[in-house]
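What follows is a structure written as structure tokens; I'll ask about it next.
Labels run A, B, C, D, E and F following the written order; every chain starts at residue 1.
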Amino acid sequence: MSNLDYRIERILESYDTRGGINLADAQNFPNRASVVGVLNDLENVIFPGFGEDFCLDTETLRFVTGERVHRIVRNLTKEVTKSIQYICMISNRDGTGCYKYSEQIVIALIDEIPEIRRLVFSDAKAALEGDPAARSIEEVLLSYPGLAALLVHRIAHFLHLKGVPIIPRIMSEYVHGQTGIDIHPGAMIGEECFIDHGTGVVIGETCQIGTKVKIYQGVTLGALSVKKIMADKKRHPTIEDGVTIYAGATILGGDTVIGEGSVIGGNTWITESVPPGSRIYNPPS
Amino acid sequence: MSNLDYRIERILESYDTRGGINLADAQNFPNRASVVGVLNDLENVIFPGFGEDFCLDTETLRFVTGERVHRIVRNLTKEVTKSIQYICMISNRDGTGCYKYSEQIVIALIDEIPEIRRLVFSDAKAALEGDPAARSIEEVLLSYPGLAALLVHRIAHFLHLKGVPIIPRIMSEYVHGQTGIDIHPGAMIGEECFIDHGTGVVIGETCQIGTKVKIYQGVTLGALSVKKIMADKKRHPTIEDGVTIYAGATILGGDTVIGEGSVIGGNTWITESVPPGSRIYNPPS
Amino acid sequence: MSNLDYRIERILESYDTRGGINLADAQNFPNRASVVGVLNDLENVIFPGFGEDFCLDTETLRFVTGERVHRIVRNLTKEVTKSIQYICMISNRDGTGCYKYSEQIVIALIDEIPEIRRLVFSDAKAALEGDPAARSIEEVLLSYPGLAALLVHRIAHFLHLKGVPIIPRIMSEYVHGQTGIDIHPGAMIGEECFIDHGTGVVIGETCQIGTKVKIYQGVTLGALSVKKIMADKKRHPTIEDGVTIYAGATILGGDTVIGEGSVIGGNTWITESVPPGSRIYNPPS
Amino acid sequence: MSNLDYRIERILESYDTRGGINLADAQNFPNRASVVGVLNDLENVIFPGFGEDFCLDTETLRFVTGERVHRIVRNLTKEVTKSIQYICMISNRDGTGCYKYSEQIVIALIDEIPEIRRLVFSDAKAALEGDPAARSIEEVLLSYPGLAALLVHRIAHFLHLKGVPIIPRIMSEYVHGQTGIDIHPGAMIGEECFIDHGTGVVIGETCQIGTKVKIYQGVTLGALSVKKIMADKKRHPTIEDGVTIYAGATILGGDTVIGEGSVIGGNTWITESVPPGSRIYNPPS
Amino acid sequence: MSNLDYRIERILESYDTRGGINLADAQNFPNRASVVGVLNDLENVIFPGFGEDFCLDTETLRFVTGERVHRIVRNLTKEVTKSIQYICMISNRDGTGCYKYSEQIVIALIDEIPEIRRLVFSDAKAALEGDPAARSIEEVLLSYPGLAALLVHRIAHFLHLKGVPIIPRIMSEYVHGQTGIDIHPGAMIGEECFIDHGTGVVIGETCQIGTKVKIYQGVTLGALSVKKIMADKKRHPTIEDGVTIYAGATILGGDTVIGEGSVIGGNTWITESVPPGSRIYNPPS
Amino acid sequence: MSNLDYRIERILESYDTRGGINLADAQNFPNRASVVGVLNDLENVIFPGFGEDFCLDTETLRFVTGERVHRIVRNLTKEVTKSIQYICMISNRDGTGCYKYSEQIVIALIDEIPEIRRLVFSDAKAALEGDPAARSIEEVLLSYPGLAALLVHRIAHFLHLKGVPIIPRIMSEYVHGQTGIDIHPGAMIGEECFIDHGTGVVIGETCQIGTKVKIYQGVTLGALSVKKIMADKKRHPTIEDGVTIYAGATILGGDTVIGEGSVIGGNTWITESVPPGSRIYNPPS
């Protein structure tokens, strides 16, 4: 093999100019593989049976669930601590108590699981009722990408509200990679949400989405301005209850409100509010 | 670790209200990981050499193929049986004979493999001829997502026609996650189909697509109405032979027919039939 | 199990008509899993710490990096050799020296790593500055799909320039599957590029993209004609420095130039050049 | 590769003369890997913490144990059923009910676990007290091969008493391979047994060993005759309470009784009974 | 972490004085893990069903066997080539042709498989007939260490006769580690051999053992002199047909012949020939 | 599945009476799998090339070695800390500083590696010279169990001298299971030691063994008394330089000295000192 020594040296020198992930002050960032492992455990607690190749009965279920919950607390607390410590350091707060604090957040997530289950089942029901091609609730649970994205979102959103940095974004980007549906952990989404097909859907950080909203593939709920100065403002639209947004529609702006029960046609481009009950369509080609 | 016992209890109680995948009457649904394993085996039977890191010669090929076919029959029959039993139960038909019946379906799929190979090679040829960037058939086989999606679709469609529930959808959603191309197993697609780039393509359950059709990224072949009452109707368009549909076009409706040899421009929105040989474009911005 | 013997025979016969990947003249094509393994090693050399679950210190870093670089050289040379041999054979050139030649290419890639790191960090900085939702450079490195796509592209593009067949396309298609962003290895992309959300982005083979360009989800930079005869022509647009292209815009044609600093609105459709500083928007629906 | 086809044919022909494990009448014998997996689960239920790399607390312990017990019942019942069916077939008894019957045996084993724990802890205590080199009970649990052999024996012996064929022997041979200690599942061994070093120890099927017996490496408790006609007779010695047998001693015969509290010196050869309190030594070389 | 750099340097310097396995002239020695993988494949070809957790039927068997045989040829040829090249280099013979030559040896081993199966089944039959505790041929195949040792020996001996260096010893040492039975690949062992319990058995390189010989645990068939000058002489005893050697017996010397049908008692020490039909016992203690 | 709930409850209750490994005061004992992983890394640092399936060149070697050394320090320090903390607690010493202290011990082990390499190569040379069947140093390194046992012993002995509890015994028992050779970590063994075949060899805690000693299978160097009160006394024999001990010999007692250059015949039983140059044999049977 040709001489690689000085080449490796050059790469190492380049690390001095620009470090990697875990090198700045030798702290350790959350590990993507570990966060994904926690998500899989959470998915299996929320829908027991997804990952099993044997038939879970009620008795076994108790132990399988208990072990998973303990493993989630153990592993997620470790990752949250790493992400919190990073913040602690920056803000010069005292680092002690980070682990304790992180564990409280994770336990609060465990407490939220029944509510997350209720929400995700409401989403599954919406999919079953909203898609003529859906034959059974099991088909929805096993094969609808919108459901997978909402399940992860409802977890990531909870952690986002608790102020956990980075990890919610790792989660949302993971399921974005799986489904093509990109929901920022900050978005607020009501129950009975149905995202069909989903590829290309983008839902921005400060969106507020009501209940019984249907969203098709390629819909963007975005910002009108991407100036950094907007970071703390509401930049993304509000979608009221019962709205349907067909494929490829783009709705932009923090002041834009789609009124209750409106139908937004495919490929439309909307940057201003529309009243409740609106029907917005492009003229056909 | 803080007290998790009563928290786990609350999660278990929530299962009484809304069960998981495998809990309803303790039956066992198809397992996604197992279905994906079968798909990988099928891909390797259809294109021998995909997964090998050594050079398959003709002699070895016989045994490798033989073992894979047996493994497919063994594993897929198990999963099909689980999905069929679920139907049996619902319709109060006698559950006996499910395994036998499932095996017959899987063996019919094995019988179909030479035909599936013929179709997928016709698709590969169409890609090679239709994409100026394609340099060789091997490049197409190894790196074109449209080909991967069509390969899986042709398998899932066969199982769908045989009445297998859930599994074809698990298959189509798997490759949707891989490629961003969402083809419902019910769609009928003729030979020499070329889907380029593919992200965001949606092809609905009752589409009928002729031969030599080209489809670019972001194309939707969808329904005008998503009312549940439409479930047994033809809701998606018919695309005749030799049609080209450019990126982002949306074609909707069960009565919509795109006539032979038409070219549908990018970002167009079509809800009515167009005659053979049409050229439909948006005016430029 | 029913008789499968003659069925397997039929499949084997179908291989005589249309071979698989590795069967034509018993040569061995690049292996996707191996190429993906090399990409993971490269990602970890470029951003040390991505894959570690412990905290890399400077001392360990030297060895971890050294071992990875050697493994990259070992494994990628093997795959490049396979892809080069295939070309050698076709062009009837002498096959000897392929390994040596391949190793030189891989070592040139190693030499390029500091430059690739510089480019990708410029992309990360552009993301941090361009996205109000981005909180830290680490969040960008760990969770922005556009960054992942650009990292892989900058590797694949280098190999493409060196004339390596197939492998750059396997790489670009791998990250397309992960992110929904489809960049052809031939595309030239300047520094400080920011691709946000990214699902559905398509960037064609002969694109030329300047510095500080921002591209949102669903943007197509494509060809006006997909005739095979165009294969050696510039078929895709030129995007000058500082251009912003919003979601869903389509820009087509090899002579199309988007002038410096222009802003291209969402869902626009552009097939002709626009001068520097242009503002192109669709009328709202 | 040279022609292997007819060579494989010859191997297949040789199967017609002499079948393999699972071929006779296409029944399926117990699987060694699965039996070893069950043993590992049992070891972890008996000594929780052996396999964990985190610290089990009391709460987690409940779930981890519960899941393991369920997995043991699921997997071991499957293997026992296979071994029982084989017997059923031979004896022309009706095959139905085999699974039910097997499950009852496995559940009886679960019921026995507290007693097995009591016995194995008595063995560990005997090791700690009997070996001057032993520093702590944890050292004994983690590193004494005699303890590992007795743990497996007490499981295998229970299944042997229940009439389970083959599986107890797979278990005893597994731990024989690990430790060099070969105890037939039929042997009866009292509590507080200490086997030190253990390599080469052989304890025959019809041995009866009292409490507080110490056995050193290379001790054989064997048969005087290995005639097949002896299969149902007591062929191996009886060792009464409190006997110590030093390294390399050989004690043979079904009528041979080593009386209570005797000490049998190293390398002795004994084929007749000795009274309680005997001291038997070889003259030094 | 404390400074390890100069410590690692010291270790590297120590490599200059004494290299490792693969460093002398940068050649590559056989890999133990790979050799063990080949042994597992061979075991499964010889006793189909050992490793399967499903029921092999005759049809599947053909493909499973064919694939295994090809894999054995592929992998073992690679390892044999490495061991042969090492010899080539030492003897200054031309290195070319090593692979071809190695492949011929491996194919000759494949040709020997039916004969090896015949021998190993004769050994299994001898175990079933010779051990009162043996209940069935399947129990013998699944749980007798003597059988495992003989199976590996018959493979290693064949390769030893073909002049393959190192690999036969890796094989014999592997099964020695599993069973405590140490048979040098050079030993000649007739059919219907039964080694019971086996721990501590040592059978030297130049032993000649007839048919129907029974050997118990701890038996040594060794050399009287271990002078290096004896390397090419017959140093180990000859055991004629039908001899039984009980536990712990030691028989030494290249001229020592144990006459046909003799019985050698436990713990005996024999350095001279005994005539056919002898009964040699120690006086009891 | 039958009711397992109350059965699991009974097992959990039995934990209250007798805990497991990691439950007493919820501390965490060393993990066997992790210790074995460290041993494998150490083996590969001592003999680079053992585990590689590619050819290490000098350049790669530096990085591979560096990474392994860092991993050893990281992982072994963790395990040593766990074992030390357990002692700290018992002796009521302050637990802080345990990690630091453990790291110092592990780094001292790293410093010792060149010396351990020197010793183990002297052992390998002794094997090559002492065994007529040995053909090359590589054969010795790859297939002699005595060498594997001495390699592990020289590591375990170093840690034992440093006062590390439990871990040295886990190491020695691991290699005992692999080879049948049981050397207590406390034993002192000089250079150029050759243990042939090795099964059944037992070398006690307080043995002192000189240089150039040869030991054959089944040799015991043990204690005359196993009274617990002897724990801090020298209980095992002294073997002076150049002694050879043939198979099955038993040498007992802390005052027993085998004088320089003596030869101890097979199956002898020695409990008193013998002068230098002795030849001790049993009379033949």
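One rule holds in what follows: a residue touches a chain if its C-beta (ideal position, glycine included) is under 8 Å from a C-beta of that chain, and two chains touch if they have at least 3 such contacts.
What you see is a predicted model, and the numbers here were worked out from it, not measured in a lab.
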**Request:** With one step meaning two chains touch, work out the least steps from chain D to chain F.
**Result:** 1
**Item:** Both-way neighbours, i.e. chains that touch chain E and touch chain B
**Value:** C, D
**Prompt:** Using each chain's Cα centroid, which is most distant from the centroid of chain C?
**Reply:** D
**Prompt:** Using each chain's Cα centroid, which is most distant from the centroid of chain E?
**Reply:** A
**Message:** Taking the mean of the C-alpha atoms as each chain's centre, how many Å separate chain A from chain D?
**Reply:** 52
**Approximate Å spacing (C-alpha centroids) for the pair chain B, chain F** = 58
**Item:** Per-residue overlap in chain F, given as positions that touch at least 2 other chains
**Value:** 1, 4, 8, 54, 57, 59-60, 62-63, 65-66, 69-70, 74, 180, 199-200, 218, 248, 267, 282
**Message:** How do the chains pair up in terms of touching? List each pair.
**Reply:** A-B, A-C, A-D, A-F, B-C, B-D, B-E, C-E, C-F, D-E, D-F, E-F
**Request:** Report the residues of chain F in contact with chain E in the complex, numbered from low to high.
**Result:** 45-58, 61-62, 65-66, 69-70, 73-74, 103-104, 107, 110-111, 113-114, 117-118, 121, 129-133, 135-136, 138-139, 141-145, 178-180, 196-197, 199-200, 214, 217-218, 247-248, 266-267, 282, 284-285
**Fill in**
Seen from chain D, its contact residues with chain B in the complex are 1, 3-5, 8, 57, 59-60, 63
**Asked** For chain E, which residues are in contact with chain B within the complex?
**Response** 54, 59-60, 62-67, 69-70, 74
**Asked** Mind pulling up the chain F residues that touch chain D in the complex?
**Response** 1-2, 4, 7-8, 10-15, 18-23, 26-34, 86, 165-166, 169-170, 172-173, 176-177, 180, 182, 184, 186, 199-202, 204-205, 218, 220, 222-223, 226-231, 235, 248, 250, 252, 265, 267-272, 280-282
